[in-house]
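So, here's a batch of structures to check.
Across the two complexes that follow, chain A remains constant while its partner is chain B and subsequently chain C.
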Partner chain A sequence: MTAAVPGGRIAERGAPQPAGGRRLSIGRLSIDWRAQSVYVAFVALVAFDLLVTPGFRNPTVIRSLLFEAAPLILIALGQSLAIGTRGIDLSVGSVMALSSAMIGLTVDAGQGLAIGAGIAVGLACGVLNGLLVALLRIAPLISSLALLVAARGLAQALLGGARVDLPFGGPIPALGQMAPLGIPVVAIVSLLLAAAFAFVVRRTLPGRYALFVGASRTAATLAGHPVRLTLAFVYGLSGLLAGLAGVFATARLGAADANYIGVQFELDAIAAAVIGGTPLSGGRISTLGTVFGVLLLVVLDASFIMNNVNANYAQILKAAFIVGALYLRRGAA
Partner chain B sequence: MSAAVTEAGAAEARAESRARIVGLIQSRGAIAVLVVAALAAGLVFPDFLHPGNLGDIVTAASFLGLVAIGQTFVVILGGFDLSVGSMVGLGTVLAAYAAPYGVLAALLLPMLVGLLVGLIDGLLIVRARMAPFIVTLAALLALKGLAVLLAGESLVIADPGLFGRLANGSWLGIGNLVVILLLAYALAALLLNRTRYGAAVFAIGGNEEAARMLGVRVERVKIATYCLSGTLAGLAGALLAAHLSSGLSSAGTGYELQSIAAAVIGGVLLTGGVGTMLGALSGVLLLGVIENVINQIGSLSAAYQGLASGAFLLLAVIVQSGLTRQRAA
Partner chain C sequence: MLLETRGLVKTFGPVRALRDVSFDLQAGEVHGLMGENGAGKSTLIKLLTGLNRPDGGSILLDGRPVSFDSPRAAQAAGVAAVYQEINLIPERSVADNLFLGREPRRFGVLVDRARMVEEARALLRRYRLEIDPRRTLRTLGLGLQQLISIARVVSLGARAVILDEPTSALSGAEVELLYGVVEQLRRDGIGLIYVSHRLSECYRLCDRLTVLRDGAVVASEPTASLPRARLVAAMLGREQVAAQKDHAAAHGAQDGPDTEAAVALAVEDLSWRHRVRNVSLQVRRGEIVGLAGLLGSGRTETFKTIYGAEKPDGGTVSVAGRRIASPRPSESIRRGLAFLSEDRRSEGVFAQLSVAENLTAAVLPRISRFGVISRRRRDDMVRRYVQSLGVKAAGPDAPITSLSGGNQQKVLIARALCTEPDMVMLDDPTRGIDVGAKAEVHRVVRGLAAEGLGVLVTSSELEEVVELSDRLVVLDEGRVTGGLDTAGRDSDDVLAILAGGAAGTNAPAHGAAS
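Entry: the complex of A and B
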């Protein structure tokens, strides 16, 4: 039911298009409209929840949703830039787990150091991934797949499969709980980083190069742009953000857990980026769309849970929702 | 003049023979590595080369092996099928449901559902022009949800009987699953290399537009290939259920990536158009050998398996990409 509401509205409005005119000016209009679909779907879903879902209006719900969204936003940003270069980064969820494991290992030596270690190991994974893609010209799908398998294995081996509980006081637990005015600090940090990310993508050379590489790697090479450096930067940034996401997720959980943190997060990150208007074909990116893509998925999950939809039905409905959303914007994607 | 011509001809011949050697390493390298790895493991762990242990390795790898056949076809075609792992889980559950109605039902129901899933995937990819990655990813989520919905954690087959013997029995001292696996790969190799359909798969993976212009029915071949992949994943699920005497909704988790990894280790190029069934089988068995060796070491936890498999995949891909560049040069 929940999934059908925004999907249905999109279908209604999208339907009356003159056939054959898609590629001309009318088509351009329709693509422009499609690029907004994530916002329409988000507003529709929130409106539905406010009207129907019991307890959704409670501010603590928004607070916990934002806690959920914060790490996802970070990895979805990195993901959207990787997709913008016509690549992909499957390793983000496992890198989060590795970051969590590093925190578990180093937390006794000081929490600031532990946070640094978590972020650093994420950056290291990202740079390794970037070097594989850029220098050895390995398909990003495969290099990040290998990293997905290896990083989680390493994280589990480091912690010996156990969950390491964090102390109750200090900066890490504070990250997992502090929410001035009901807005979690981690969400504020994520949104600020999203703003900085948008600036980097739109206004700085690395960002422009990344999209150029995505539009045509050959053209970027011929134009003399530093393609390899750009790719290393993109995957390094994705790893860095995944490391920070691991810190956030660990702080929220209150424990370092290599088996639990970030499992299948790469799928949500990819779905959020693509729903938000970053086509898998590369060359284009939407930062705001990615953020709203994450929020949409998080609210969708919450809608299912709060309406007591069986978790397994919920998974099926979510899959159908993602396919439906992408089907509607397939002209753009 | 003629000297220059022969010199150019000699250079060309040299380049050609080098390309042939590189191609040979690419397609047969995995089996060589498999043999070396098995021999090395046999030297370090005396029990490793015991026929019983080798049989165990192949039996344990047979489920992934069946999935990897379909995945190899899809990758050669230039696509991905991420739904196979969940389909295996759903297949075990369906087989457990159907087992009381006879062996045939327990085998056919998962395969039919797999066929249907492949058909839906294929139609969405071909008719709706959606990216295979996204379509099959959504199928991964949906099928997993469906499997848990049907079975919860697990569903025990009360009286496996003939169905259980199908997977756990043996024939002339060779486990049935080993026979089934080898038979399936032989048939798949025939299908890939000796039929019009196989030629069409290669053609589409090499250059879809060119294949279309040459009259290949691209849409049909694509849909058929996703159907093949789904059916084989269903079969793998049915056999796994017979092997375990139960349906496990979590069975097959990770098979989607492991099957891609096995295909790539075996020399199937992710860009499509290149690959062999023997290579894919070697890749599957190599992953099985790694798993077995880590179990033999005993002191290492299962976590190291991920680390070793990931590292191995990376190594294989680095060598592959180096070879591809050699070939192109």
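Entry: the complex of A and C
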């Protein structure tokens, strides 16, 4: 990609160039606007907010937006990989809640342990999901839907429906508050993990296998790829990231809460991945696009709140915005 | 005459699918409709059942011209087709399916279940199908479901029934059931058009056989006066060989010139379902063996079972003398066996990915270190094969879909070759590519043999298999029925073997003797 926009960098390099898209050529620069719509939309929205939205210029806004975005980036990464295999992971929001519940249960035994427990339960959920998909050949939509219901239920049962407040000191509250130079630590961790994720997807065997499986499962089998192991890896990774996202969200909230953490996050994760250029038809993935998809949705939510849009109408407007963004992407790579 | 066509013509754009086809079906007759793929069988069926309208000619039912504008209209008039894909509701009971849309009612509204089940039972018994009508359709095998489809259309009043490849999904026992059903239909005075690729079935069931080729009727005769040899010749378009039928079969047991070379592939008694039956064959290093057989003879299934893409029910596969213990593609690749699928689009290319990724798809672990794929080694490999096979692509990162069919195929052949195999199996490697690319693929295949690889190849065109290979293994209904050295021969000899069918059945797999 010779695009001047950042999409060319981390965005999946192996993906073919869009054929016959609407292009703007300036010398050797050739940009397919449709493929870059997430970046265009993000820039346009931020410009709009800077001009119109009261208080948006305040530096604390970006700080709080990044706190919001950090867990969502993690689960959107896992989601985009699942979608890249032509699957889906609906369980991520509930797995975040289960991770939160584990933190609530174990926090008295030590915060480091609690963080570990949250991540571990996420991984366990992901591996279970992966085994259902890979070994029992259950459709990912179904297996992860089952896990969506079960993990949330288990989380609520573990905490007895109550909210468990976390202590004021220690590593977990620090994660929820620390922001050197106005950049939250959790956002830095999420972005570093996104970079690592991009490397895994582009350059390593499990990442490439995932996209091969998504492009054509039959062809992947005939090429000798470990299809089932790959699927188990993909869903395991998604669960692991959801577990960590649960830790971040819990830290931000300052409490473990199975009823609040991660509710409907799976929908934002799917929307972010797809808007960012990871088609549901599989075989393709854009890490940078996914990150920007998350940022776009987070800024969008903030725009509604800061402009005092009624929350019900905000939902409708957000849906319209997502549909619009997908419409702009139609036919693009 | 129950059903008759006169001078039917149908064109799709520039393609003349049917040319002046006259065909007839009598009540109580089983009329076999045969021909290779693209001969026009399905077009004829579509016209008869109102799915398409003819561009010329007429269709007569009971001697009166008819014109069906939908399958429903055809069905109402008494013409119905039963296709390979079942269009019943798998989740409902057999009785529900039989009476779908015309359930016996009580007081005009309630479905009279008891009566429906009773009537269904009677209907099934009539065709000697011992099935509980209350069973869910899904729990029956596909073959039985197909038979129930037949029972349904007949009970709906169909008098002319078209069975489109009824047995391609049937097991051995189910085939016997089908024969029973067909006998009953015949007694009931129902006319049956039987479309199948399996010659032995057609000879057992049909009163008359009509052969289509390139959209025209090339033979139509009572079964008894159309010997197998002439039938096959008519299907493939080489009537003149009919006379010499057993001539070539006699030459079946000669050995090729390079009997001393090491064995690259040895297959012993391989079986998979009913499609591959006790297949044994050998391919030596430097040898190109052609797998010859009509459509539906089990060529693709044999390839896939050898490769481990289908789990064999029995038998062994050895590559370069070492047995493949757990048959699956990854293991086959590791042992030096490579395979090119005939279905490039859905089993070959990864449409979303680049030329380089497609080319190296089967060797990723070999060009990786600690799980990280080496760009340099990948690009070296791509450059080497793009050059040696003459792949025309804009570059290694060009999308595979930007290449022509022939060049895509070369990339897939390269994918097979970069696993450094001892043995390659190519299932119809020139399917859907143009003449120039075909010649290049041939050159590549010969080059492989010259380098000492064993090659097992097939093609949908018999001439091509003969031209390409040193030796043929003939396959018929999943069995090896003969072998033939092809040096100095043309496809007529092979045709004779294919046509000979039963005559050559007992000949052992060629090469297995040594």
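Everything below uses one rule, namely that the second predicted complex is superposed on the first by the 299 of 333 C-alpha atoms of A that agree within 3 Å, B and C clash if a C-alpha of one lies under 4 Å from a C-alpha of the other, contacts with A are read in each partner's own complex, and residues count from 1 in each chain.
The rule is short, and it goes like this: a contact is a pair of C-beta atoms (placed from the backbone, for glycine too) under 8 Å apart; a residue touches a chain by one contact, two chains touch by 3 or more.
This one's a predicted model, so the numbers in the text were calculated from it and none came from an experiment.
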So if we stack both complexes on chain A, do chain B and chain C clash, or do they fit?
clash
What is the contact status of A:132 with respect to chain B (first) and chain C (second): first, second, both, or neither?
first
Give one of first, second, both or neither to describe whether A:326 is in contact with chain B, with chain C, with both, or with none.
first
So in the superposed three-chain picture, is A:313 touching just chain B, just chain C, both, or none of them (first/second/both/neither)?
first
In the overlay, answer first, second, both or neither for which of chain B and chain C A:224 touches.
second
What is the contact status of A:267 with respect to chain B (first) and chain C (second): first, second, both, or neither?
first
Go through the superposed model and pick first if A:170 touches only chain B, second if only chain C, both, or neither.
neither
Going by the contact rule stated at the top, is it chain B or chain C that touches a larger number of residues on chain A?
B
Looking at the overlay, does A:206 come into contact with chain B only (first), chain C only (second), both, or neither?
second
Clash-wise, after the superposition, say which stretch of chain C runs into chain B: 77-85, 113-121, 131-139 or 275-283.
131-139
Which part of chain A faces chain C closely enough to touch in the complex?
13-17, 19, 203-206, 208-209, 211-212, 214-216, 218-226, 281-284
Residues on chain C engaged by chain A in the complex (per definition of touch)
307, 309, 329-330, 332-334, 339, 341, 346-354, 356-357, 361-362, 364-365, 368, 371-373, 375, 397-402, 415
Which residues, counting only chain B, touch chain A once they are in their complex?
80, 124, 128-131, 133-135, 137-142, 144-146, 148-149, 257, 260-261, 264, 270-271, 301-311, 313-314, 317-318, 321-322, 325
Would you pull the chain A residues touching chain B in the complex into a rising list?
88, 132, 136-139, 141-143, 145-157, 160-161, 258, 267, 270-271, 274, 280, 310-316, 318-320, 322-323, 326-327, 330, 333
